[in-house]
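Dropping the structures in below, format is C-alpha cells.
You will see two complexes here that share chain A, one where it goes with chain B and one where it goes with chain C.
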Partner chain A sequence: MDAPLWVSGVVYGLSMGSIFFLLAAGLSFCFGLMRIISLDQLLYYSLGAYVAYQVNVATGLTWPAMLCGALAAGALSWVVERWVFDRIYAREITFTMITSFGILVAGVGAIKYVWGLVPRPMGIPVEAQVAVLGVNVPVYRILVIAITGAVYAVIQWLLNWTMVGTAIRAAVEDVDQVEGLGVDVYRLFTGTFVGAGMLSGLAGALHGPLVMVDPQMGLEVVPFVFMVVIIGGLGSLKGTLVSAFLVGQVVSLGSLVYAPLAQMAPFAAMLLILLWKPTGLYGSALLRR
Partner chain B sequence: MALLELEDLHVYYGNIHALKGVSLRVEPREIVALLGANGAGKSTTLNTVSGLLRPRSGAVRLEGEDLTRVPPHNIVQRGVVQVPEGRRIFGQLTVLENLEMGAFTRADPHGVREDVDRVFALFPRLKERAGQVAGTLSGGEQQMLAIGRALMARPRVLLMDEPSMGLAPLLVEQIFDAIQEINRQGTTILLVEQNAYMALQIARRGYVLQTGRVVLEGPAEQLRENPEVKRAYLGG
Partner chain C sequence: MGLSWPLLVCAETNEDKVKFLGYHDFKLRWTAFVLANTTAALAGSLYGVYFGFVSPEMASAARAADPVVVTILGGTGTLYGPLVGALAYVGMKDLVSGIVGNWEFLVGLLLVVIMLAGERGIWGTLEPWVRRRWTWRRPAPALQE
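Coming up: the complex of A and B.
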C-alpha cells in the first residue's frame, strides 16, 4: 500500500475520532455524575446536524449554522432534562437507559416527520485542500480535529481550575457527600446534561458536511460511541479522548487494509483491550460506588 | 430557646421503625454527646437533622424554625453541617480542593481564605499536605480533613458522626482536643460516639439512645457516674 493513502487515512481517522470524542465525552459525564446512560445524546447529535443544515440552506452561512445546531441541541437537552430526567434520576440505571432510548426513537421519528427520509447534503465551510507530507487532505477535516482539541482543553480547564469543575469531580466520586456540603447537585446535573447535549449537537453539526445528514445518523454511530466510552474507561476524559482517536484510526486504517474491517475491527480492538484491561484504558476507581 | 431542638422524631427505613420518638435539645455553644450501641439510631438521628432522611412525624427546629421540609443543601446554608461517619473525603481531590468544596456555597473569597488559614492553624498537618491528593492521607489526617471541610461552611451547629472511628488512641486525643478548640471558638456541637468515655469528657450533657428511644439523659458527669452507662458503655 502506498504512503498517500496512509496519510489521508490517518487524517480521516483523527477527524472521525474527533466526532466520536465530542459524543462520548457527554455520555461519559452523564454516567459519571448522574449515573444515567443517556442514549438521547444521539438525538441531540442528529438535531445539531439538521439545524445546522437548515440554517445553512436558509442563510448560506456555515460556521454560524453549526453554532446554531449546537445551541438548538443544548436547548432541547435542557427541556428533556427538566421534564424527564429530573424526575427519574433516582431510578435504576436500566430505567433511565430505556427512557433515554425512547426519547431517541421518538426524536428520530419527529426528525423524519419534519425533514423526510431523504439524506440531505450540507455545505462545507472550507473547500480547500492542504498538503500534508506531500498528500492533499481537506482543510476542513483538520479544522474539525483542531476544534475538538480546543473543546478538550476548555473542558479540562473547567474541571481543574473552576469551583464548579471541582464540584463535578467531587460529585463523580461521592454525590451524596457533595450534597451534604450544601451544594445543589441537581443544578450541577442540569448544567452537565446541557453541556453534554451541546457537545453532541456540535458533533452532529461538524459531522454534517462530511456525511449526508440523514435521520438514522444518530443510530448509526451508537456502537462506535459506546466502544469509545468503554475502551477509554468510564469517567475519564483523557481516556475518552485517547480511545476516540484509537477507534477512529481502527475504523479508518482497518478499512484501508480490508474494507469489511471498518465495521468489525473496532469490536476486535475493544475485545482485546478489555481482556487486557477490564476497566478500560484509563478506567479508574471512580466506579466503586 | 434551644439552638437545635428535636421533638418526638419518628423515622422509618421502609417498614423498620428506626427512631421511635426521639426528643433532644442542644443549647448555644454546648457540646452534647449522643451515645448508644450499634443500631441504636445515632446516625439516623444526625441524618434526619441534616435532611438526608425525612421523619414520618416530629420536628427538627433550628432557633425555632422547622427544618424537616428544607432541602439538605439549604440546611447547610442555614448553618447545620455534618461531618459524616467514615469521613468521606474526596480522595481524588487535593486537600485544599476538599476544603474549598466545604465553602462551595459561600460568596466571600476573603472570608474563605481566612477560614482555610483557621483550619490549617487547627490542623497543621493539613497545611503541610495542602497540595496532596486526599486519598493518600492517613486515617487520622482524613478525619482532620473531614472536620476542616465542614468548618469551611462556617457552621453554627456541627454534627459529628463517630470522629474517633478506626483511629489510634493518640490520634483520638488529638481529634478530641480539636473538637474542644472548635467549640471554644463558638461552634455548637452534637457529637455521636461509640467511645462514650472520650465523649463524656468533653461534652456538657449527654443522651443515651437504645433501639430508637432516648433512655437516659443528663449532665455529662452524671452520666459518667451512672451505673448502667458504666456497665454498658464504659467497660465497668
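Coming up: the complex of A and C.
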C-alpha cells in the first residue's frame, strides 16, 4: 500500500465523517432534548440535496443553491414539527420512530414523484485540486471539512454562551425543571428540531456533488448515521464529532485495506466500542424519562 | 423451566416480583429472546423457500425497518398485534400500489395518520372492543346480596 493512497483515503474519510456529523448532530439533539428518534432527518437530507440540485440547475449558482437546500429542509422540518411531532412528544420513543419513518417514506415517495427515479449529477462548486503532502486532493472535500468545523464551532458557541443554549443543555438533563423555571420548552423543541433539519439539509446539499443525488440517498446513510450517534454517546456534541470522523475513517481506510471492510468494519468498531463503553464514547449514563 | 405468556407479562411489569417468586429473571428473558429470534429465522427460511432465492440484501437497512413498523403499527406487547399490523401494513402497501403507481407517498401518510390516531397501535385500540363483542367467557355475575 503506497502513501498517496493513504493520504487521499484520510481526506476522503474526513469529508465523509463531516457529512455524517452534520446528520448525526441533529439526530443526537433530537434524542437528547425531545427523546424522539427522528428518522425524518434523512428526508431533510435528501430534500436539501434535491433543492440544491434544482437551484443549481436553474441558476448555475452553487454555494447559494446549497444554502437554499438547507433553508428548504429547515422549512419542511418546521411544518412537520408543528403538525406531527408536537402531538406525540409525550408518547413512547419507539412511537416517534415509526411516525418519523412514515414521514420519511412519504417524503421519499414525494421526491420520486417530483424528480423521478434517475440519479442526478450535481455541479461541484470548486473543481480545483490542491496538493496535500504531495498528493492531489479535491479542494471541495477540504472545504466540506472546514464548513463542518465552522458549524461545530457555531453550535458549541450557541450551547455554551447563549441563554437559549443554556436552556437546551439544562433541558437535556431535566426538562421538567426547565419548564418549571418558566421556559417555554415547546418553543425550544421547535427551534432545536428546525436547527437539526437545517443541518441535515446542509449535509445533503454538501454531499450532493460528491455522490449522485438520488431518492434513496437518505436510506443509504441510515446505518452509518445511527452508528455515529450511538458510538458518540447520545446527546453529546463532542462525542458525535469524534465518532463521525472515526466512522468516516473506518469506512474509508477499511475499504483501502480490503474492499468488503467498508461495509463491515464500522459495525465491528461499534461493537468493540460498545463492549468497552456501553454508553458510547462521551455519553453519560442513559437518561431515562 | 416453564415459560408462559403470563409469566412474561409479569417480567415486563414487575421484574423484582418475578425474581422474588423464584423465577430466574435473566433465563426468562433469554428464553424469550431466543424464541423470538428463532421465529425470525423461521420467517427467513420460509422466505427463501417461497421466493426461491436468498441474498445478503435480505438484511439491508431498508428492510430492517419493516418488522419494527409492523410491530408498532399492530401494538406492542399484544399477542395478535404483530399479526394485525402485518396484515394492515402489507395490505395497505398492496392496496395503494394497486391504485396509484407512487404508493410510497400515500403509505407513508397513512402510517403517520394511524400513528397520530392511536397510541396503542391498531390491535391495542381494537382489542377491548373485540373482547367485549365476541367474548366467549361470560362476565362474572354481579354479587347478589
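Here, the second predicted complex is superposed on the first by the 285 of 289 C-alpha atoms of A that agree within 3 Å, B and C clash if a C-alpha of one lies under 4 Å from a C-alpha of the other, contacts with A are read in each partner's own complex, and residues count from 1 in each chain.
Definition applied: a contact is a pair of C-beta atoms (placed from the backbone, for glycine too) under 8 Å apart; a residue touches a chain by one contact, two chains touch by 3 or more.
None of these values were measured; they are calculated from a predicted model.
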Clash or fit (per the criteria above) of chain B with chain C on chain A: fit
Chain B versus chain C as contact partner of A:Ala167, first or second or both or neither: first
Which of chain B and chain C A:Val178 touches, first, second, both or neither: first
Which of chain B and chain C A:Ala259 touches, first, second, both or neither: neither
Touched partner set for A:Val84, first chain B, second chain C, both or neither: second
Partner contacting more residues of chain A (chain B vs chain C): C
Chain B versus chain C as contact partner of A:Val222, first or second or both or neither: second
Touching partner for A:Leu117 - first (chain B), second (chain C), both, neither: neither
Minimum C-alpha spacing, chains overlaid - chain B and chain C, in Å: 17
Residues of chain C that touch chain A when the two form their complex: 61-62, 65, 68-69, 72-73, 76, 102-112, 115-116, 119
Chain B residues touching chain A - in the complex, by the definition given at the top: 50, 52, 71-77, 81-82, 84, 88, 90-93, 97-98, 100-102, 104-105, 149-150, 153
For the chain A and chain B complex, residues of the former touching the latter: 163, 166-167, 169-170, 173-174, 176-185, 285-286
In the complex, chain A residues that touch chain C: 84, 87-88, 91-92, 94-95, 97-99, 101-110, 112-113, 216, 219, 222-223
